[in-house]
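Got a structure for you, written out below as structure tokens; questions coming shortly.
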Amino acid sequence: MIFLTRRATFSASHYYWNDAWSAERNAQAFGRCANRNSHGHNYTLEVTVAGEPDPVTGFVVDLKWLKDVIEREVLSAYDHRHLNLEAPEFAAGKLLPTTENIAIAAWNRLQPAVTDAGGARLSRIRVYETSDIFAEYRGERGEL
Amino acid sequence: MIFLTRRATFSASHYYWNDAWSAERNAQAFGRCANRNSHGHNYTLEVTVAGEPDPVTGFVVDLKWLKDVIEREVLSAYDHRHLNLEAPEFAAGKLLPTTENIAIAAWNRLQPAVTDAGGARLSRIRVYETSDIFAEYRGERGEL
Amino acid sequence: MIFLTRRATFSASHYYWNDAWSAERNAQAFGRCANRNSHGHNYTLEVTVAGEPDPVTGFVVDLKWLKDVIEREVLSAYDHRHLNLEAPEFAAGKLLPTTENIAIAAWNRLQPAVTDAGGARLSRIRVYETSDIFAEYRGERGEL
Amino acid sequence: MIFLTRRATFSASHYYWNDAWSAERNAQAFGRCANRNSHGHNYTLEVTVAGEPDPVTGFVVDLKWLKDVIEREVLSAYDHRHLNLEAPEFAAGKLLPTTENIAIAAWNRLQPAVTDAGGARLSRIRVYETSDIFAEYRGERGEL
Amino acid sequence: MIFLTRRATFSASHYYWNDAWSAERNAQAFGRCANRNSHGHNYTLEVTVAGEPDPVTGFVVDLKWLKDVIEREVLSAYDHRHLNLEAPEFAAGKLLPTTENIAIAAWNRLQPAVTDAGGARLSRIRVYETSDIFAEYRGERGEL
Amino acid sequence: MIFLTRRATFSASHYYWNDAWSAERNAQAFGRCANRNSHGHNYTLEVTVAGEPDPVTGFVVDLKWLKDVIEREVLSAYDHRHLNLEAPEFAAGKLLPTTENIAIAAWNRLQPAVTDAGGARLSRIRVYETSDIFAEYRGERGEL
């Protein structure tokens, strides 16, 4: 079993705000992230797939194909977007676009498309919000 | 003459839009950056001051003081903010918050405060929008 | 289960020396690190906590809280310190402050404080001594 | 159990080409990598060993020894080499030097030498082809 | 005057060899780089243009246009290529593809195209061969 | 004129202390850096030489030679050392080993050796104390 990772970046806006709370409570819980004018990040997304290298090509998956899948399933929805306003899974206050939730959402977006590839499967998602903060998710498998 | 640089980061939203233009022309000029819902970046700011090291302390300027100046003059206005909506120099469509204009604006914010320090002077501002794009400004001196 | 990581840095001095050995044997075992005048590093510490994101905030833990815990439990003891002389777990030759032992010591310092947070638990510590050398520790769980 | 990693780099040429295929099929499968004049990369290799720190030295393994093992077992064969022409495991079209296969080959080169060290064992190989693409291998153990 | 930089990467093979010299002299002058099977690098190219930001767009040059110029003038000739065999300025032993000469060659390729842009001019080229080695060139202007 | 840079790293201890001052004044001026037990850093040194590439080799200087010069003139004195206690220019409180003073001292150590090389000359020294703090020095030439 080999684990192959492709990294991509996207630039997006977001804010943290719970409509059910007062402004004070939002400020207390979310600090400067509660500014509803939004702020933004250069996010880095690492997509790891697991599988056996093909005996002829030596590829677990074709990296060009994986790049296109990431572009189509994640970047087209998140890059140069306001996550709270434009990404369906976060819109209308459904879910806050924290680093944790972005990692889960990227997993959910990528898992069916990567599984289609026959043999390989999605193994791990890592999302960096800044160089100092990142979240990892492995789906049902749980453990790192 | 020694050149001493301190790096800082801020996370902000922005978009590019000219009210005097049609939506088509904005899209043509600014591409995905014309999305008025905004997107954002982790900006890196490098502030370089020039001077002679103090013979006793060995400092061109006190780096803790320089950190506080950057925090007060730039980060308090830009970090976790929407540059088009909240930074006075960019608000109300006065000026687009491009990497180039952010570098000039940061110079204008920092130059008086750094000059106050006696001896040292602001020498160069570098602003990274992403790891692949950055702008430098040296004020009146022009040349790199 | 989501794994959330916060990175921090500290600058410290250390040396490797075993009082029970001759100078020759220390030099042989530890090379340039046996210089008792000490040398130092900018260490990078990555603290990973595991848990479910809170359904309202989307946080596994509050990252500001985690930053304060790291500051209080680790950085206050290690940053701008001489590890052999000032950190209790390494003082008086008890234990050598190798990258491996610093990772275990940081785990022992952080594990009770992070467990207090209710729900989340400490999952992994990674310590970089330089960009080319790092150690990871996961406590009782053993495996990466 | 502690996991200790040492990073090394090597610069090498390679290309992807299957002699059993037409030029068209090679171009379709491998794109620009099918150029038989070759292209090259600065590869980064991360070698992780697992073990208990020695109670006296605090080392899982001696990092200088590990550096020498990596130099002797991997870098002497790959650094400043053409992988398809000079590395025995890839020569004569036996196996394509993809990131995945380089990770497995580095494991096979390092595993016996590291196991000789008594106590510690090879735990994980990570190979970066560029900063955006990397493969991991853990031998028989399979899972990350 | 603002200096705007765009970074790009390319992966290429090269070797150092002077046909007028014996194998021994080549080995002495060029060490492992004299291996005519070639080795390769991930090169990083930084292209800096100088000019005044347009008062309406805030751009010194359009970064998408600059990306296309770099792609057309440099990357199409160097990326996934063997520099000694495929780049006309280095082919047939005319010139060795050292970091220094690649910086000059990239300048010569880019300078006319960037000058066409009206107003802005090419100001500086920086080429990294590895993270530890880079060359800068400023054309006629000479000084950094 | 081409500018060629070679990067090197060294790990050292230091502290800031002025014997002519009280402990209070030292603490006020130098904060945590006044801890006389010392702390340390992984310093990065960038050495830039200027010259014309040799028409045959394409080298401004031989990079292996430059590596040896840096090793002999700077790293042998600073790496795995306590700068205040072991580097002659800083010993006995003569001069504080600030980033600024280390840049000047490295220039003074390297300038005669590099000038010996015939043709090329030392052009710029950059010293990083951390990734966020660095100093540059260009000798008599002053300006960046």
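Per-chain residue numbering starts at 1, and chain names A, B, C, D, E and F are given in the order in which the chains are listed.
Operating definition for what follows: a contact is a pair of C-beta atoms (placed from the backbone, for glycine too) under 8 Å apart; a residue touches a chain by one contact, two chains touch by 3 or more.
Every value quoted in this text rests on a predicted model; they were computed, and no experiment measured them.
Engineer: What chains do subunit B and subunit F have as common neighbours?
Structural biologist: Touches both subunit B and subunit F: E.
Engineer: Please report the smallest number of touch steps linking subunit A to subunit F.
Structural biologist: When the steps are counted carefully, the minimum from subunit A to subunit F is 2.
Engineer: Measuring from the mean C-alpha position of subunit E to the mean C-alpha position of subunit F, what distance in angstrom results?
Structural biologist: Those two chain centres are 28 Å apart.
Engineer: Return the residues of subunit B touching two or more other chains; collapse runs of consecutive numbers into ranges.
Structural biologist: Residues 131, 144 of subunit B touch two or more partner chains.
Engineer: Every pair of chains that touch: which are they?
Structural biologist: All touching pairs, sorted by chain label, are A-B, A-C, A-D, B-E, B-F, C-D, C-F, D-E, E-F.
Engineer: Using the touch definition up top, name the residues of subunit D that touch subunit E in the complex.
Structural biologist: My answer: residues 9, 11-14, 32-33, 35, 37-42, 79-82, 85-86, 130-131.
Engineer: Show me the residue ranges of subunit D that touch subunit A in the complex, using the header's touch definition.
Structural biologist: Contact set of subunit D toward subunit A: 16, 18, 29-31, 95-101, 103-104, 131-138, 142-144.
Engineer: For a test of understanding, state which residues of subunit B touch subunit F in their complex under the given definition.
Structural biologist: 1-8, 48, 50, 53, 56-60, 63-64, 123-124, 144
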